[in-house]
Amino acid sequence: MEVTEFAWPNGARCAVAVAVDFDAESIYAGRAPSDRRVEDPPVHLGKLSQGRFAGRFGAGQVRRILKERSVPATWFVCGVDAEKWPGEVQAIVADGFELASHAYTHTAPRLLTVDEERYELERAAIALGKFGVPVLGYRAPALEPSNNTLSLLEEFGFTYVSNLQDDIYPYVHESHDIVELPTAWLTNDTVHFWFDSNSWVKKICSTNEARTVWEEEFLAVREYGGLYVLTLHPKVIGRPSRLKMLSEFLDFLRSHDDVWFATMGEMAEHVREVRTARAV
Amino acid sequence: MEVTEFAWPNGARCAVAVAVDFDAESIYAGRAPSDRRVEDPPVHLGKLSQGRFAGRFGAGQVRRILKERSVPATWFVCGVDAEKWPGEVQAIVADGFELASHAYTHTAPRLLTVDEERYELERAAIALGKFGVPVLGYRAPALEPSNNTLSLLEEFGFTYVSNLQDDIYPYVHESHDIVELPTAWLTNDTVHFWFDSNSWVKKICSTNEARTVWEEEFLAVREYGGLYVLTLHPKVIGRPSRLKMLSEFLDFLRSHDDVWFATMGEMAEHVREVRTARAV
Amino acid sequence: MEVTEFAWPNGARCAVAVAVDFDAESIYAGRAPSDRRVEDPPVHLGKLSQGRFAGRFGAGQVRRILKERSVPATWFVCGVDAEKWPGEVQAIVADGFELASHAYTHTAPRLLTVDEERYELERAAIALGKFGVPVLGYRAPALEPSNNTLSLLEEFGFTYVSNLQDDIYPYVHESHDIVELPTAWLTNDTVHFWFDSNSWVKKICSTNEARTVWEEEFLAVREYGGLYVLTLHPKVIGRPSRLKMLSEFLDFLRSHDDVWFATMGEMAEHVREVRTARAV
Amino acid sequence: MEVTEFAWPNGARCAVAVAVDFDAESIYAGRAPSDRRVEDPPVHLGKLSQGRFAGRFGAGQVRRILKERSVPATWFVCGVDAEKWPGEVQAIVADGFELASHAYTHTAPRLLTVDEERYELERAAIALGKFGVPVLGYRAPALEPSNNTLSLLEEFGFTYVSNLQDDIYPYVHESHDIVELPTAWLTNDTVHFWFDSNSWVKKICSTNEARTVWEEEFLAVREYGGLYVLTLHPKVIGRPSRLKMLSEFLDFLRSHDDVWFATMGEMAEHVREVRTARAV
């Protein structure tokens, strides 16, 4: 099998996209009809407070750290979180980051009917539309889109998604005119740091354990000329020791001058251009 | 986003609170009507013995280690545990530690009706009241308070809680005159050391794995000027190798002369003073 | 709280007991009426083969390694395993190790009626009785005895158990004339090495991760003058890399000349003598 | 107990077999009637994309890495995967690797009736038969054969399996003329790297954590003169950082000149010859 070297802009060897899933209270209020309020029972105030940490503390810190290093990032925000934390979302936009849709509630589309999923997208569009910037990207809650998702996204004018884990290179979906920017669990903060208080069995890794996995994967994706998607959740990465590690890891990434850092919107646009150029 | 430096007493850079959740047999007897006896079926004598380890061995060792280092601590004790281990609780009080309520049985308030939750608090007040010291603080079993918890706590005269995980600074609840001293899973001993014999899948960490997480979080919280809550469970931390690590970690914490060590009661009082000073 | 130094023989500082839970096919055939055959459905031939590994390979290797180092050990064997692997059990006895009861099937007594539990003990007594040595000790499958266990054990003439996790010193049960030699999950091989193919979520530790936990706990129990119970399962520890670690760890334990190595039967006898001496 | 040194060819000290379980979309579509299509609901497009990663990227990379090092390997392929990725399977055959059956869908035989299991084998035979090479080996999905599996395999002309975990030496089944090449979870990539997005509690190990376990087990199996089965899944090991580790680990294995590397088919043939020689 031959490795298809993907053509990144300006001769860059590989690309890095930072995706921040805002996921504050929404993360614990999903799996329900889309107009459900986050405070509805069954109450899990303790868990809910972990989501609120994103809004009160984590998101602001992640934003500051990214901004100080001029690292572009795409923030996937649920509608309910945007309604609850408008100041935070406004600051994200004001600081020049890309705003993208993470549905209205944090409910996996695979669990919804097509009407429910459309309603999720409509409500999210209204909630995010108030910030006055184009919203072209979408990520499915739980990374589990439905069979209807791509058609609905075309209907709503989205141009790209970051839902699947089937490649290390971006591509355009065969069936729909939507770019896929594939992601992976191992470069996600949550899988290393989250503690599941339902099952009580998850190991909480040290920052070094997570960074080791992130760093070795970056170095290897770079050799393959692929796309490296770092997915952050402020409620998780926002703990002080992890913020310190994040700062250092971003500095490490930035120390490579052959890497293209861009928002996912810019990457999706590039993928289309490359495809068009080839088609010609 | 600007970091709100919290004003700690005497110019301290940050604060450390040690919370000891006594949790002996109670931990395996919760989730039931509040007057249930800990010996009732379904019997799990093996598990129950792990709770009893707290009373027979662990709690006394934790108390000794804290006392030798003059580290203030707040002991959250369930009523049923106080009834079963009165000598231990008496020693906690005699050694000058703070006594606080952890409900009567170790049942998450979110699972209770308001009447059941009030009954839990009444029975706990009777059980802890016998030790002759004021009980001003409360921590919800499983860190899952209900929507009624704060109102009930006001009714019972509590002044603070340590239930939520939504910030690294203490605050006064907007809706009630109760101070929140926020905690976090990663600085809890149980998440690193506990073995769940129901699921049989939890990794038991070495002491170094837990200390690494605790230490890097302390150093980072200190930079942020925040509150570091170390939560200990004698049934878990009471194993000899972990007691040794605890001793060394407390020595490490004590080696920083810009840290305010205090009981949670003292901290709650300080939070109120700061707020009043600002209000003026 | 004062540490009660336990009086070990000949001025030894602490004691080490090696408990080998034979657990071959029995481990996957429990939770059922006690006369159930291990081949009965629901079939899990893949899992069952992991149990058979104990009989085919692991148990013999563990026995050889213990024997080469003259480390006394107590082998807790289920009746069904003794019937299936009589040659292995005969070799255990011939090599001078202690034989003890682990019930007939590997079913937690807490799940059984008193009649079912008695039947388990009867059948185990018949199966183990064929090897011609006294069987004085008992360990409950899953470390979960019932409220009837101690009474039944007296009825059957047992003198000690190693079921609970409530202390680091041995003791005589208050309610029954049975010695408890308390154990702990962290010095058990299975919790570090087992892979649960039902849930598929258990981390398989390296030998160094397990040894670190075992070693630091030994050194600390030694300081406390306590009892260190190392629990081995041939189906788990029997993998070649783990056998190598076990050999090295036993050499490490043996390098301490202030440790009393004995079978659990010898230890139980000592506990009784100490108690009698004190009573006088 | 005496260690039975197994007689490997040409005086080799031990043997290494690399088993690649292709497992693309099939892995998420099993547990169903054998003619179920992989796209049928319940949809888990996110999970399914992780399987597709094997076909789009991982399998080709694993094949390249094995080929560059002249490491023989046996590829166990489900029929549905062969139908979906014929080019990949053709390349496996063209590169001289062994093709073996992994049933039609990835459904554990223990969950099937004898007719369903026969149908699985028939459909797999048709799907794999198109590649024009003999298929003599079989591995049960989930490593859980049924009580009917060996009889059915004889009926279909298979000569060996790699299903069980009951020894470190190969053997011929007593009841059937089928060679068993025993495997083990700890030398499987999935147990170290997989992330289970259903439970969300699995630790994703670094490459070094997995390599440590793999390497120490290899060195110890080599001392025992046993069979070391390394099981790879392209969807898991195919991530760039893991491919790098795999390359280095294979180089390490290859650096031992007393190891017999062969396909499982060659090993099964050798086991039969040794048995015949002994019988004579």
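Each chain carries a letter (A, B, C and D) given by its place in the written order, and its residues are counted from 1.
The working rule: contacts are C-beta pairs under 8 Å (C-beta built on N, C-alpha and C of every residue); 3 or more make two chains touch, one makes a residue touch a chain.
This structure is a prediction, so every number in the text was calculated from the model and none was measured.
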{"item": "Length of the shortest touching-chain route, chain A through to chain C", "value": "2"}
{"item": "Rotation angle (°) superposing Cα atoms of chain A on chain B, nearest 5", "value": "90"}
{"item": "Farthest chain (mean CA position) relative to chain D", "value": "B"}
{"item": "Distance from the mean Cα position of chain C to that of chain B, given in whole angstrom", "value": "35"}
{"item": "Residue list for chain B, restricted to those that touch at least two other chains", "value": "199, 201-203, 205"}
{"item": "Chains grouped in pairs wherever the two touch, ordered by label", "value": "A-B, A-D, B-C, C-D"}
{"item": "Residue ranges of chain C in contact with chain B within the complex", "value": "1, 110, 140, 142-147, 149, 163-168, 182, 184-186, 191-192, 194, 196, 199, 201-203, 205, 209, 212-213, 216-217, 219-221, 223-224, 226"}
{"item": "Chain A-touching residues of chain D, taken from the complex the two chains share", "value": "42-47, 49-50, 52-53, 56-57, 59-61, 63-64, 88, 91, 193, 195, 197, 199-204, 206-208, 239-241, 243-244"}
